[in-house]
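Note that the chains take the letters A, B and C in the order they are written out, and that residue 1 is the start of every chain.
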Amino acid sequence: MIPKSSPRRPRNRLVLYVLLGVACVFVLVPVLWMIVTALKPETDLFSTPPRLWPTAPTLDAFRRVFTDYPFADYFRNSIIDVVAATGISLVFSSLSAYGVSRFKFRGRGSFLTFLLISQMFPSVMLVIPYFKIIQVLGLYNTYAALIVTYVSFTMPFCSWMMYGYFKSIPRELDEAAAIDGASPLRTFLSVVLPLSLPGIVATAIYAFITGWNEYLFALILTSSEDMKTVPVGIGQLIGQYKIQWNDLMAASIYAVVPLMVLFVFLQRYLISSLTAGAVKS
Amino acid sequence: MRLIRPIAAAVGLSILGMGLSACSSGSPSPSGSAGINSTTPVTLTVLSPTVVEKPESVVEKGYADAYMKLHPNVKVEFVGVPMNDAYAKISTLATGGNMPDIFVNSPEFSSQANQLGIVADMTALLGSDFMSGFAKAPLAQATLDGKVQFAPFFTIPTGLLYRADLFAAAGLTPPKTWDEFEADAKTLTVDVNKDGKTDRWGFAMVGTNNGSGGSRFIPVMRTFGAQELVKDGTGWKTSFNTPEAVAAFKLYGDLVNKDGAVPPGPLQTGYAEATTEMATDKTAMMITGPHTIGAILAQNPALKGKFASAPLPAATGHDPVSVLGMLGWSISQDSKHKDVAADYLKFILNKENQIAWNLTTGRLPARTDALEDPQIARPELKGFIAAQDYAFTLPNVTYYPDLQVIAANAYQGVIQKKMTPEQAAASAAAKTETDIANNK
Amino acid sequence: MARSSKVAASQQRAGLGFVSPSVLVLLALVVYPLFYGFYISMFKTNLRNMWNFVGLKYFVQALSDSDFIHTIGVTLLFAVLVVAGNLLLGTALALLLNTNIRFRVVLRAILILPWLFPDVVVAILFKWIYDPLYGLLNFALTSVHLIDQPIVWFGDSTLAFSAVVLSCIWKGYPLVMILVLAGLQSIPQDRYEAAQLDGAGLANQFRYVTFPGLVPVLAVSVILDFVWWFKHFTIVWLMTAGGPIDATKVVSIDIYRIAFTNFDFGRAAALAVIVFFICLAFSIVYRRLVRDTEV
């Protein structure tokens, strides 16, 4: 990593903070507007000019999200679907990425290429074949439907990313383990996997967020209120005739909280473990 | 790239896949297995867009609860899908055979549903007696080739919704021609608080490039005498490229650019935004249906009693035009409980329930017994009720929604001054001809 | 000789063993839909009871339609601009975040926020911020007297396009930032030390150590990001539905309309296949340029 020493000159430091500050403003202004909107009573929503702060800030919208709509159900479903899908996807992707990065076998190149190609078909057209498969398997309107779907969505990219990270872990470590009598699977589990933690974390974050925010397939593959996920619930707040802005913003803020918690918890694992000085390259 | 292996391996799978696509459209089941009065438990699934909207959901769930009380062996389950996604979901379900027992249908979707073969014989199931209790115009538009496709549930006939109080204050009467309309719109565009900036405009134009905008423009165009699509002896024809249509496009352009009678941003003003413009006292008139009154009052109860309605203005020498904007219910051909479904539909269409729907949502009932009830014939709805008589039947082609978008793109071009009205009309006609040709 | 073929065989077994779970998933959920799409693109069909074989008619029609070519052009420009924005912003921020500054965790959490919101929310939020009457942006600009009249962002083709691109960059840069951050972690520290010993300053360290170390990550990120944004649908659809007229009509909007508004699934599938081949061509060309040697 870039040397962790602080930039020598105070001027460089200032520039750094200013740049980061500007970026934060770019990010936070829309988010703060979301929060302000969620706190507004109905009458404030369409004032001109727009009010920067509600006349009477209220937490009603936040309350309504759970009382007027079954968002508790939606959250439960999203958590089940996405945690399972992320877990399965990580397992499959790390296994295949390891296989591809360590072994030369026929079909290796095709497999890697195919991972990329699988991403190239517009998802709008995938809805119907997916629906047919789910339906033939009898999985319509079940947890399994979305778990399977999200695994297939995230696995190719996760495999490619893990492949990149595994490649950068020196082979000598594998060889050392082999000399010690470990099988390939063993080597994978106890040597390579722990060292590639940053890569795993990045792909886990990606897989989780992708599944959490997915809308179209969740809409098509579920039908009952007790199976719908959070994005579908949010989509229903956009009515044909009117948009319930404050409830919508409140629900969106709720939807982001688990992701933020997950990210804050995992982001410290993005620190490299290579400084253990295992091998001189 | 070494693709040979994956391709070879996959060919086998694709053959399997084609097999899947051929045999997964379920075979129709014998109708009416569970009788209405039996005690065997029956679950009715109803795919509805209104059940996810407020305040409609309260009424609709109320119907289901009341029915379930009367028939304890029946369970009514809703599959709520937002209206914007409803037809996509139905089409997908149709390909796989997971159709609900009852699903929403409309003149825009009925030809597609009919072609897909997912609609059961509604007249046989509901009985011709019951059918004769529907108002004429809705029933006519629910019928394709002599077969009734869906039981009309409500109509929202397009008309002119206007602020009666602002009209009275300015000494105006509802416009009968488009020239009067333009003049009125200009008169009503004022600077209320005298700060030099306009804060109320005459007309809330829905100018988005989608069905919402297009479906309002098309009746306007028809009042000039031009049709987006009409069937003559030899097939479907369009008169998008006539002077009458050009006049309609010019009107839209002038209202924005010449008269300044439309609030800024018409191209991104969808139905929800226009409703808000009316509710926040930014505009005096809107082309829409009766349901908008309820939506406006929900946002601003202080406007209660200030609205009135009239049929759309028309070009001199022509009649007003309206679109019924209907939604209705179809029973699915695949349903295993057609009799129970029919009974449920008859229940929710009874007079009491139809009136309840109107009182909460402002939409007009489709049944004559309810329409004639004094609770329905309120002053602000009079114009819309009158407008029903001018409704035209939407051409029953599967690509009709595309025509609405084509019209919308054309008027956007005129408003943006990227096209003259003549060019807009010509481009709309050309695109329509392509659609016609593609669907011969 | 016998020994090396035994090694090769065991490599074969081990390799295949590791990839087999993924392969199974891919065969069912990727191969089948792809071939399904190719198959129905040759029919005029509603997928239930109408299957009229039309062969390559839809392909010929699309490729000779100037509107479609224009749409592809718009989509290309959109994808290129968004990916460029994501790359620049994401890499720059990752580099900044990787230094020893205070509040690093808080800053990382803030800067990753846009990615955490579903597309639906991002689209609606920005659409509202850009609103001519009630929007925050016009309010801010008029308050500081940069403009007198509210700008109708989605009424003008160029402004609408820029607004849409900007919103997508807002949503898209954190993914690149995270990938680059993780990639930066896997560059061994000793390379930096070696470079410093050779007298390299910050700029040269970046040029000779950081950037080459990031190339594998960046290479794949660019391909995948481009493909994703080329296929993108939700944000543009909800913000402008392709308007004004067709200034922001990306190709997925066409496909969605044709499939789910006109119910012409065969024609939509044909367009999807064309998009597929465009993405494929791009990744081939790009890989040649970057020369990723491992595959």
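Going forward, a contact is a pair of C-beta atoms (placed from the backbone, for glycine too) under 8 Å apart; a residue touches a chain by one contact, two chains touch by 3 or more.
Computed from a prediction, not measured in an experiment: that's the story for all the values here.
Student: Return the chain whose centre of C-alpha atoms lies at maximal distance from the corresponding centre of subunit C.
Tutor: B
Student: For the chain pairs A-B and B-C, which is connected through the larger number of C-beta pairs in contact?
Tutor: B-C
Student: From the mean C-alpha coordinate of subunit A to that of subunit C, what's the distance rounded to whole Å?
Tutor: 15
Student: Between subunit A and subunit B, what's the gap in Å when you average each chain's C-alpha atoms?
Tutor: Centres of subunit A and subunit B (C-alpha means) sit 38 Å apart.
Student: Two-or-more-chain contact residues of subunit A, please, as numbers and ranges.
Tutor: Within subunit A, residues 46-48, 106-107, 109, 113-114, 128-129, 132-133, 235, 238, 243 contact more than one other chain.
Student: Give me the residue numbers in subunit B that touch at least two other chains, ranges are fine.
Tutor: Each of 1, 6, 17, 20-21, 88, 95, 282 in subunit B touches at least two other chains.
Student: Which residues does subunit C have that touch at least 2 chains other than itself?
Tutor: 32, 34, 36, 47, 133, 259
Student: Provide the residue numbers of subunit A that touch subunit B in the complex, in ascending order.
Tutor: Of all residues in subunit A, those touching subunit B are 42, 46-48, 68, 106-107, 109-110, 113-114, 127-129, 131-133, 135-136, 140, 219-220, 223-225, 235-236, 238-244.
Student: Which stretch or stretches of subunit C touch subunit A in the complex?
Tutor: On the subunit C side, the touching residues are 8, 11-19, 21-23, 25-26, 28-30, 32-34, 36-37, 47, 89, 92-93, 95-101, 105, 107-121, 124-126, 128-129, 133-136, 139, 142, 170, 175, 178-179, 181-192, 196, 205, 210, 216-217, 220, 223-224, 227-228, 231, 233-234, 251-252, 255-256, 259, 265, 268-269, 272, 275-276, 279-280, 283, 294-295.
Student: Flag every residue of subunit B that touches subunit A in the complex, lowest number first.
Tutor: Subunit B residues touching subunit A: 1-6, 17, 20-21, 24, 45, 47, 49, 52-54, 77-85, 88-89, 92-93, 95-98, 100, 199, 271-272, 275-276, 279-280, 282, 291-292, 295, 298-299.
Student: In their shared complex, at which residues does subunit B touch subunit C?
Tutor: Its residues touching subunit C are 1, 6, 9-10, 13-14, 16-18, 20-21, 25, 87-88, 91, 94-95, 112, 115-118, 208-211, 263-268, 273, 277, 282, 398-399, 401-402, 405, 409, 412-413, 415-416, 418, 438.
Student: Could you please specify the touching residues of subunit C with respect to subunit B in the complex?
Tutor: My answer: residues 27, 31-32, 34-36, 38-40, 46-50, 127, 131-133, 149-150, 152-157, 240-246, 257, 259-264, 267, 284.
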